[in-house]
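You will see chain A twice below: alongside chain B first, and alongside chain C after that.
So, the complex of A and B:
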C-alpha cells in the first residue's frame, strides 16, 4: 500500500485539499447531532482498514507537505520545540515508539533495523538514511524528540508524572489550535487546561486526570477534539495570531464553503516504558465545508451541531465571527432527515 | 490573601517559618517587608539564620528597610531595583546548601520571578513559601514578540517592545512568571478599546 504524497501548502497560496479517499477516511468527530465536552476517552485499538485509526500512528497523503510546513515554523520560531533537561529519557522513548510504529505499518516508506543500541532508520519520503546509537544524542543531528517529530505528522507533548499530576515538560507544537507551548511548558494538567470554559465545573478534568495517572504501558487511549479554521492553515498559534486572526473576517456567503474548515484533532496517549512519562499526540485533520458536505450525513449533522453549540464553546474556539454564515451554508445541505448513530458515513 | 478563580495562577499560601530550615533565604519586595516582619516575629533565633534580600519598590517612603534591619538578620542585602535583587538571588541560589528554605513576598510579578529562579536552580516550586502583598499589578509577556512588562495595571496595554495592543489574559505561566498578552485587534485592526485600570 503505497501512499501518493501530495505537494501542497498550508500558508500563502493554501493549495491544500483532500482527495476523495481522504474525505471518506476523515475522522468526523460527532456521533450525535449535538456536542458538549465529556471525558470521551477510548482504547486506541486498531480501527477499520484505511481509517485514521487503522494504525497507532497515521501517515497520510499530506505527510510530506506537513513536514515541510513544520520545518518552516521551526525556522521562524525555535521556541515551538522545547524540552526540560529531565525529559531526555522520555524523548528516547518517543523515538522508539514512533520509529517502531511507522516502520511496522508503512514498510514501503519507513524502515528500522536494530542491533542492540545500533539503530538504522530509513525514511524514504523525506530521503533520510540515518545510523545512530540509541541513547547517545551526539549521534543524531537534532535532539531525539525534535529529530523524530520533524518526521512524524502531529504535535506531541511529553508529560512527566509526579505529585499525582501531569506536567507538560516537553513538546513540539507547530499545528496548534491557538495555544502556546512556550507559555505552557512546566504547567500541570489543570493549569494548562485553565482557559477551557465549563469543563472544569462539570468535573471533566478531574476524571480525565485520574484516568491518565493510571494509564498502563501497552494500553494506549485516544479521543477526538475539534475546532474550525479559516483557510487550511496548520500554524494557528497565538504567537502568530496578529497575522492570521484577520482571516476570520474574510468569510463571505460566496467563499464560505471553500474557506471554512472543520479541524479535527485525533489525540492519542501512551505510557512510555523507560521514563514512565505520557506522550500526548495531537494529529490535526482539515476538511473544508465543500468537501464535508459530499458526505450527506456529515453535512446534516455538522449543521445541527454548529447551530446548537453553546456560545461559551463557540467563543472559546474562536468561531463567533463566521459561525452564522457557516450555519446558513450548511442549512442548504440539511434536509431534516434523521441521521444514523455513530461517526461513519452511511 | 489573593483569592482568584484563574486556574493557572499560583496560590500564595502565606509565609510560614520552616523551623527545620538551617538557612532562611528570604526575598522581599515593597510591602512584602511587613509579611516578613509578621511571619518571623521577634524570634532572634530565626533571624540569625536568615539571608534577607529586600527591594523597597514603591514602598520606599515607609522605610521598611530600617525595620527589617533592626531585627538583625544574619545577612541583609538592600537593593535599588528588582533586577539587582534577582542578580544577587541567583548568585545565592548557585551556592545554596542543603537545608535552605526559599521564601518570596511582595507583588505577584516579583514572587513569580523568585519562584522561576528557584525552579531554574532545581528548587521544587511546591517547597517555596510565598505571600502576596501590595498591588495587583501584573507582569505580562507579549505572546508575539516574547517581551516582558512589569507592573501592568491596565488592559488592553500596548506592548512596550513591539507595539501590538494586547489583551491581558487570565492565564499565567509559572516558568515565565507572567500573564499572557495577546493581540486585541487582530480581527479588527485599529479598533482598540480604551485601557481600563483593572489590576490595582
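So, the complex of A and C:
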C-alpha cells in the first residue's frame, strides 16, 4: 500500500485538510455522548486495517508536510528537543523501536538493514539514505533521538524510571497542546501533570503511575486525549502563544466549521529494553468541524460532549472563548437520534 | 500469559559452576534475537515437571552480543519444593523451557555518580550484569562480593577477568566480611549502593547505610524472596466462582493458577506489586511476606500479594 503524501501547511496559509479516507480513519475519541477523565489505558494491539491503530507507529498522508513543519519549529527554537546526558541509551532504544516499526509496516517507504552494529536506513519519502553504527552517536548527523524523530510523526518524551517515579528527562515536542518541554524537562510524573484539573482528586494519576511503573517490555499500551485548536496549527506551544492565542478571537459563526478543529492525541507507551526507560509518544490528528460532521454519528456525539463538558475541563483545554459558537454549529448536525456505542462510524 | 509476553527457549549449554550453582544458556526457539535487557532484570522461567508447572524468577547474567542466547545462574537450595532442584537434576542441554520478557525491578540509577555493588552468594547474578553495564558505560563502580569460601564463588573468575581490582572478595572461611563502616565512608556525593544476597546481609547493609546518613533514594536492594510453605487453607475466587485448596507446599498464586485462573504477576517474589489482590473477607489472619505494601496496608487487611503471602486460618475470599 503506497501512501500519497500531501503537500500542505500547518501555518501561515493553513492548507492542511483531510482526504475522505483520512476522515474515515480519524481516531475519534468518544465512545459515549459524554466525557470525563479516566485511566483510559488499553493494550496497544494491532487494530482494524487502515485505522491509525493498525500498526504501532502510524504514518499517514500528512507525513512529509508534518516533518517539514517540525524542521521549521526546530530551526526557530532548538530547545524543543532536549535530552539529559543519562538518556543516551534510551535515545538509541527509540531509534531501534521507530526504525524497526516503520520499516516492517511500510516497506515501500522505509527500509532497514542490520548487520550487527552496522545499520543502513533508507527513508524514501524524505530522500534519506544513511549508513551508521548503532550506539555510536558520531556516525549520525544529529543525536539519535533527534535524528529519528525528525523522520517520525508525533512528539516523543523519554522518561527515566527511578525511585518509583518517572522523570521527563528527554523529548522532542513540536506539536503540543500548550505545554512546554523546556519547562517540564527533569520533572516527575505528578509534577508535570500538576496543571491538570480534577484528575488528581479522583486518583487518576496515582493509578496511572502505578500502572506505568510495571509497564512490560513487549506489551505497549495506548490512550487517547483530545482538545481543540483554531486553524490546523500543529505548534500550539506556550513559547509561541503570542502567535496563536489570538486565533481564538477570530472564530465567527460564518467560519467556525472551517477554523475550529478537534485535535486528538493518540498516545502510546513502550518499555524500552536497554535503558528500562519509557517512551511516551503523542501523535496529534486534526479534523475541522466541516469534515467531522460528514460522519453523522460523530457530529451528533461531539455536539453532546462539548455542550455538556465540565467548565473546569473546558477552561483547562482553552475552549471557553469559542465553545458556544461551536456547539451552535454542531447543533445543526444533531437531530437528537440515539448514537451507537463505540468510537467507529456506523 | 498474565506474566507478560512469553518466549519459548531451548537450553543450549549447562555448566556446573560450583558444587551448588549451575549456569544455563538459553536460546530462542524461534531463531529471532532475544531482546536486549537492562542490567538488574530477571525473567520468570516456567518448568514443566511431569505436568506440574513450576515458575521461578531468575536474574539475567548476560546476553550474547547477537541476541542468540541469555544466561542465568541457579543455586540449588536445600529442601527445594522443586524449582531449583528441577533445574539442577532434570534440565539438560536440548531441553525446552519458557521464559517471560525481561522485567527490571533492580535498575541502575542512571543519574548516579558512582555505584557500589554488593553481592552475597547467588545474589551476584544481577550484580554481575550491572557491573558489565557500568563498565561498558565507563561509569565509576566497585564490586564487593561475599561468599562462604573461594570454591563457592561461582563468578569469581569471570568477574576478576572483566573488572580486575574493582572486585573485592570476602570469604567467610577466612573471616572476611563486608563491612559497611569500611565501604561507605569517603564515597562521592551522589553514590548509589545496590545489594543483593541473603536477607540478613541485605538488612545489615541497608541499616548501615541509613545509620551513615545515606538518603533512602540511594540505597537499593533485591531480595530473592521465595514463597514459603505454611498451613493449608481454602481460597474462594469470588468473581470466578471457584473454591480451591492451597496446600502447605504451594503458594496462593500457584493454587489459583492450578485452579485455572490466570492472575497477573511479574516477579513472584513480593516486590513488583503486580499481583496485588483485594481481600473480600478472611476467616483467620493474613500472613504478609511481601516488601510492596506499606505497614498500614498490611494492617488494614484489605490487600494481599498472592505470590508470597498466605492465610493463617480457614478461608480467604478474594476479588478475583
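The criterion applied here is as follows: the second predicted complex is superposed on the first by the 346 of 346 C-alpha atoms of A that agree within 3 Å, B and C clash if a C-alpha of one lies under 4 Å from a C-alpha of the other, contacts with A are read in each partner's own complex, and residues count from 1 in each chain.
Keep this in mind: contacts are C-beta pairs under 8 Å (C-beta built on N, C-alpha and C of every residue); 3 or more make two chains touch, one makes a residue touch a chain.
Just so it is clear, the model here is predicted, and its values are computed rather than measured.
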{"item": "Partner chain(s) touched by A:4 [first = chain B, second = chain C, both, neither]", "value": "neither"}
{"item": "Partner chain(s) touched by A:273 [first = chain B, second = chain C, both, neither]", "value": "second"}
{"item": "Chain B versus chain C as contact partner of A:184, first or second or both or neither", "value": "first"}
{"item": "Partner chain(s) touched by A:245 [first = chain B, second = chain C, both, neither]", "value": "first"}
{"item": "First, second, both or neither for A:163, with chain B first and chain C second", "value": "both"}
{"item": "First (chain B), second (chain C), both or neither touched by A:216", "value": "second"}
{"item": "Contacts of A:321 with chain B and chain C, given as first, second, both or neither", "value": "first"}
{"item": "First, second, both or neither for A:192, with chain B first and chain C second", "value": "first"}
{"item": "Partner chain(s) touched by A:43 [first = chain B, second = chain C, both, neither]", "value": "neither"}
{"item": "Chain C-contacting residues of chain A that also contact chain B", "value": "163"}
{"item": "Residue ranges of chain C in contact with chain A within the complex", "value": "4-5, 35-38, 40-41, 65-66, 101-104, 107, 109-111, 217, 266, 272-274"}
{"item": "Interface residues, chain A side, partner chain B - complex", "value": "79, 163, 180, 182-187, 190-195, 200, 238-246, 248-249, 321"}
{"item": "Residue numbers on chain A that touch chain C, as the complex places them", "value": "86-87, 89, 116, 160-163, 210, 213-214, 216-219, 273-276"}
{"item": "Chain A-facing residues of chain B, complex", "value": "6-8, 119, 126, 141, 143-144, 146, 164, 169-176, 180, 182-183, 186-189"}
